Structures are given as C-alpha cells and as structure tokens.
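Below, each structure is written out as structure tokens.
Two complexes, one shared chain (subunit A), two partners (subunit B, subunit C).
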Partner chain A sequence: MAERPEDLNLPNAVITRIIKEALPDGVNISKEARSAISRAASVFVLYATSCANNFAVKGKRKTLNAGDVLSAMEEMEFQRFIAPLKESLEVYRREQKGKKEARKDKDKKADSEEQDKSREEENDDDDERMEEEEQNDDEEVDN
Partner chain B sequence: MAGAEPGVAAAPPAEEPGSGSLCAAPLRLARLPLARVKALVKADPDVSLASQEAVFVLARATELFVETIAKDAYVYAQQGKRKTLQRKDLDNAIEAIDEFAFLEGEFLVGLILF
Partner chain C sequence: MAAARLSGGCGGGGGENRLVSLPLSRIRVIMKSSPEVSSINQDALFLTAKATELFVQYLATYSYKHGRGKEKRALSYSDLSHTAEESETFQFLADILPKKILASKYLKMLEREKRDGEMEEDDDDDQEEESEEEDAES
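Moving on to the complex of A and B:
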C-alpha cells in the first residue's frame, strides 16, 4: 500500500510551532531547517514503529501497544523520553476514561433530572408528569 | 504519581509533580494529528495493527524528538552567533549526536524507499 510522499509528512504548521516553543524567543528557523526537521520527524516515526513492532512480534502480538513504543524508545536510546511519555499516557488514559464516564454520567444525570422533575410535580398536574415521563422514555430509547 | 482522582476528566493541570520534563506543557495531549502519525505507522508492511494508545505515544514521542533535535541544533547556531537555525546546524547535530545516527545516510534512504 504505497503512500504518496505528502501523506507521510507531518503538518508543517504543527512542526514549526513545536520548534518555536522549544527555542528561546526571537530565534528563527530557516525553511530548509524546518523542512529537514519535519522529514527527520517522519523518519523517527517510521524507525520507532519498526523498533516497536519487533517488541510486539517478540510478545507474539499482532497489535502494537503503548508498551512496545516505550520499549522502542529505550532501544533507540531515547530513555529520557520515557518518563514524560508515561505521564502523558496517564493523562491520555484518564481523558479517554473521563470521556466515557462523562457520556454515561450525562445520560444518567438527564434521566434522574427528569425523574426529579416529575417527583416535584407529583402534587401538581398529572398530565405534566406524564409528559416528563414520556420524555424520559425518549431519552432511554436514544441510549 | 499525580494525585488526580480517577474519573475526573477534563484538561490536565498545568503543574503536576515531576513535570519538569522536556517541554513547557509536558502533559498536554498530542498536537500532532494522530491520523497522520497512524498513516506513517501503517506504511510499515510488517505492522498489522496499532492500538490508539500506541499511536498517541508515538505522536508524543515525535514531539519530544522535534523539541530535542531543534534544541541540539540550536547549540550550533549559537556557536555561529546566529539567531536563525539553519540546515547546517541540523546536519552538525545529527553527525555529532549518537541518538541521531538513524537519520544518517543509508538507513534513511532504506526507510524512505521501504
């Protein structure tokens, strides 16, 4: 599955931003230097992937996982990346988990809010309460 | 490790213990688009599948790599009393630093051509 060269490049704007943030204020980058760094970054991904894949194969797994990538960093002598990468991974995992739970919570909350409303209005209009319950049912169906 | 409670989603706090790492916002999620990184991963014929986490870690690692190589190259610009990073600074850094050996010559050509 041959990819066109453009597909294997990382976006210039992002690369440039990362470079600028790594360097002191007032420092510029020539177009050639930026382009060379961008290509180096692509090669880095390819090389790291290849390394990581070796670990997956050794573990008799068909799917590359985060641990394989960390092992690859070790192998490539980028050990100093490992700690910050682990931290980032923790945050990423919490975010992913949070997203799932936020979705669940949102649905639960919506349901219980509907139920609370109907309880409050129990003494009032019966019709209204039935309306609430219908809405409640709709929400469940959506789930 | 960070004392955040599980299930608390939302943006990572700016300061967390042990965050004195390579860049200003070490716990920021990847800026490189994961889809592009994934395209590079898939370009390897030996790789069948990669988990989303693996792609994320690769993206973050690549960002750290870009920071690192930019800083290392900048040392040479400083030596040349320049405030503009040039291609030759990159070349010097790659030649001088062992970890960047994979960027040199044949290996590079081999990877690009698959």
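Moving on to the complex of A and C:
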C-alpha cells in the first residue's frame, strides 16, 4: 500500500496544529523541530503496531483490536495515554452508532432534510469508515 | 453532501470538536506497511491515531519543559534530540533524532578517541604482561 516513502509521512499542517495546541501560546517551533516530531510520530505508529501485533499473535488472532493497542501502550510505557484513549474510544463508538442511525433516518424520511443536516455535519470524509459501517448496518433504530 | 464536504475540508479551525485530527487513512497505510500485520479493526485504527496525537503532544511538551529554549520561548531540534537521549520512554527515538554536533567538535572527539584507544592498547599490553607473569607463577 505504501508505494513511496512519503506515504509514511503524516500531514505537516495537522502535526503543526497539534504541537501548537499543546505548547503555551507564542512558543516558536523551528521547522527542523516540526519535521523531527513528524518523523517521530510515524515511528511511533510503527512501534505501536508492532507491539500490538505481538499481542494479537499471542492471542492467536489475525486482526488487531482495541485491546491489543491498549496493551501495546502499557508495554511501551505510555500508560498515561490509556485512560484518555479509553474515553475517546467510548465517544467514538457512540458517534459511529449515531452516524449509522442518522443514515437510516435519512433513508426513511428523505423529505425532512433539515433534521439530517446537523447530523450530516458530524460526518467526515473518511470513506473507509463508511464502508465498514455498511457491513454491519442492520441495527434497529429507536425513533 | 455539501455539509459533509465542508466539515471535512477545512484544515484550520474545524479540528477542535473532531475526535481525532490525524487522517485515519494515512495511519492505516503506515500500520499496513509493517509486513507481519494482516488486518486492523476500526477501533484499533482509531486508537492508534488518537495515541499518535497524544504522543505528539507529550513529546512536544516534554521536550519544551526539559529543553533549553524555555527562556527564548522556542522549541528546537536539539531539545528533541536531548529528550530522545535522556528519557527512558523516548529512547526508541534515539536513532531518528541523533544529537547534532559541530564538525570541529567531532574532529576533536575523533582525536581524543584515537588517543584513548592508544592508551587502552597500552593498558592491554600491561594486562597481558601481568597475566603472562601470573601464568608463569602458577
């Protein structure tokens, strides 16, 4: 999937924004520091993936799951990430469920566009996520 | 559709209320570049992206706090390489964040190493002689 080495880079604009939000206002971040953090982030992804994969192998599973990633964090001595990660995962799961229901709503009542708009805005452009949803799109809607 | 494109497209201010700002598709490409990984579920992908975000924040704030640019209100490369060298947790970054030194310093280091090497060789000779003596005695 990664054909060029640039494919393993993360978008600079996003990395810069994350750094700026983390540091106090007005701190200057050199260009070299930015690209170094960006490279470090890619290495972090690979390191975390490899650790998580070890846990999956131990559990005789072929697919990496949430538990594998959380175990990897502990192994890598980033325990401090575990609580915030669990929290966001819960919000993420709820959001995904909400999106599914919003989509069902839209199919049901195609006329009431106003209602859907607010929900639609929460959607982002992640196609893969949409595909995944389609596969298990058979939940009940309680409306 | 228009609304979806709007919220997905704006790079600057729109990120605050989004759960994760790094693109999941890119994170997936990086994860899949690891040959032993066969498949990743959506939760694991989301968690890895979020963890990477936390990591970037942590690396930046840690390096700023422990770095030398605090008075100048600046974060520089040397603050990061210092972190990779000093902190146990960030040790895995040491290879990709090597410490920079001046060429003149490097040359001096090489010279010193050469001299130390010679001295060590002398030491070795001494030791060998000693051990030979010991052998002779026993």
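Heads up, the rule we're going with is that the second predicted complex is superposed on the first by the 105 of 143 C-alpha atoms of A that agree within 3 Å, B and C clash if a C-alpha of one lies under 4 Å from a C-alpha of the other, contacts with A are read in each partner's own complex, and residues count from 1 in each chain.
Criterion: a residue touches a chain if its C-beta (ideal position, glycine included) is under 8 Å from a C-beta of that chain, and two chains touch if they have at least 3 such contacts.
All values reported here derive from a predicted model rather than from experimental measurement.
On the shared subunit subunit A, the superposed partners subunit B and subunit C overlap sterically. Once the two complexes are overlaid on the shared chain, A:64 sits against subunit B and subunit C alike. Contact with both subunit B and subunit C is seen for A:89 once the two complexes are overlaid on the shared chain. In the superposition on chain A, contact of A:98 is made with subunit B only, not with subunit C.
In the three-chain model built by superposing on chain A, subunit B overlaps with subunit C at stretch 41-49, while the rest of 5-13, 41-49 or 113-121 show no clash. When both complexes are aligned on chain A by C-alpha atoms, subunit A residues 1, 7-8, 10-11, 14-15, 17-19, 21-23, 26-30, 32-33, 36-37, 40-50, 52-53, 57, 62-66, 68-70, 73, 76-78, 80-81, 84-85, 88-89, 91-93, 95 touch subunit B in the first and subunit C in the second.
By the touch rule above, subunit A contacts subunit C in their complex via residues 1-2, 7-8, 10-11, 13-15, 17-19, 21-24, 26-30, 32-33, 36-37, 39-50, 52-53, 57, 62-66, 68-70, 73, 76-78, 80-81, 84-85, 88-89, 91-93, 95-96, 117, 120-129, 132. Contact residues on subunit B toward subunit A in their complex (touch as defined above): 1-2, 4, 6-10, 12, 16, 18-19, 21-24, 26-33, 36-37, 39-51, 53-54, 56-58, 60-71, 73-74, 77, 83-87, 89-90, 94, 98-100, 102-103, 107-108, 111-112.
Subunit A makes touch with subunit B in their complex at residues 1, 3, 7-11, 14-15, 17-19, 21-23, 26-30, 32-33, 36-37, 40-50, 52-53, 57, 62-66, 68-70, 73, 76-78, 80-81, 83-85, 87-95, 97-99, 101-102. Residue ranges of subunit C in contact with subunit A, taken from their complex: 3-9, 11-12, 15, 18-34, 36-44, 46-48, 50-61, 64, 72-77, 79-81, 88-89, 92-93, 96-97.
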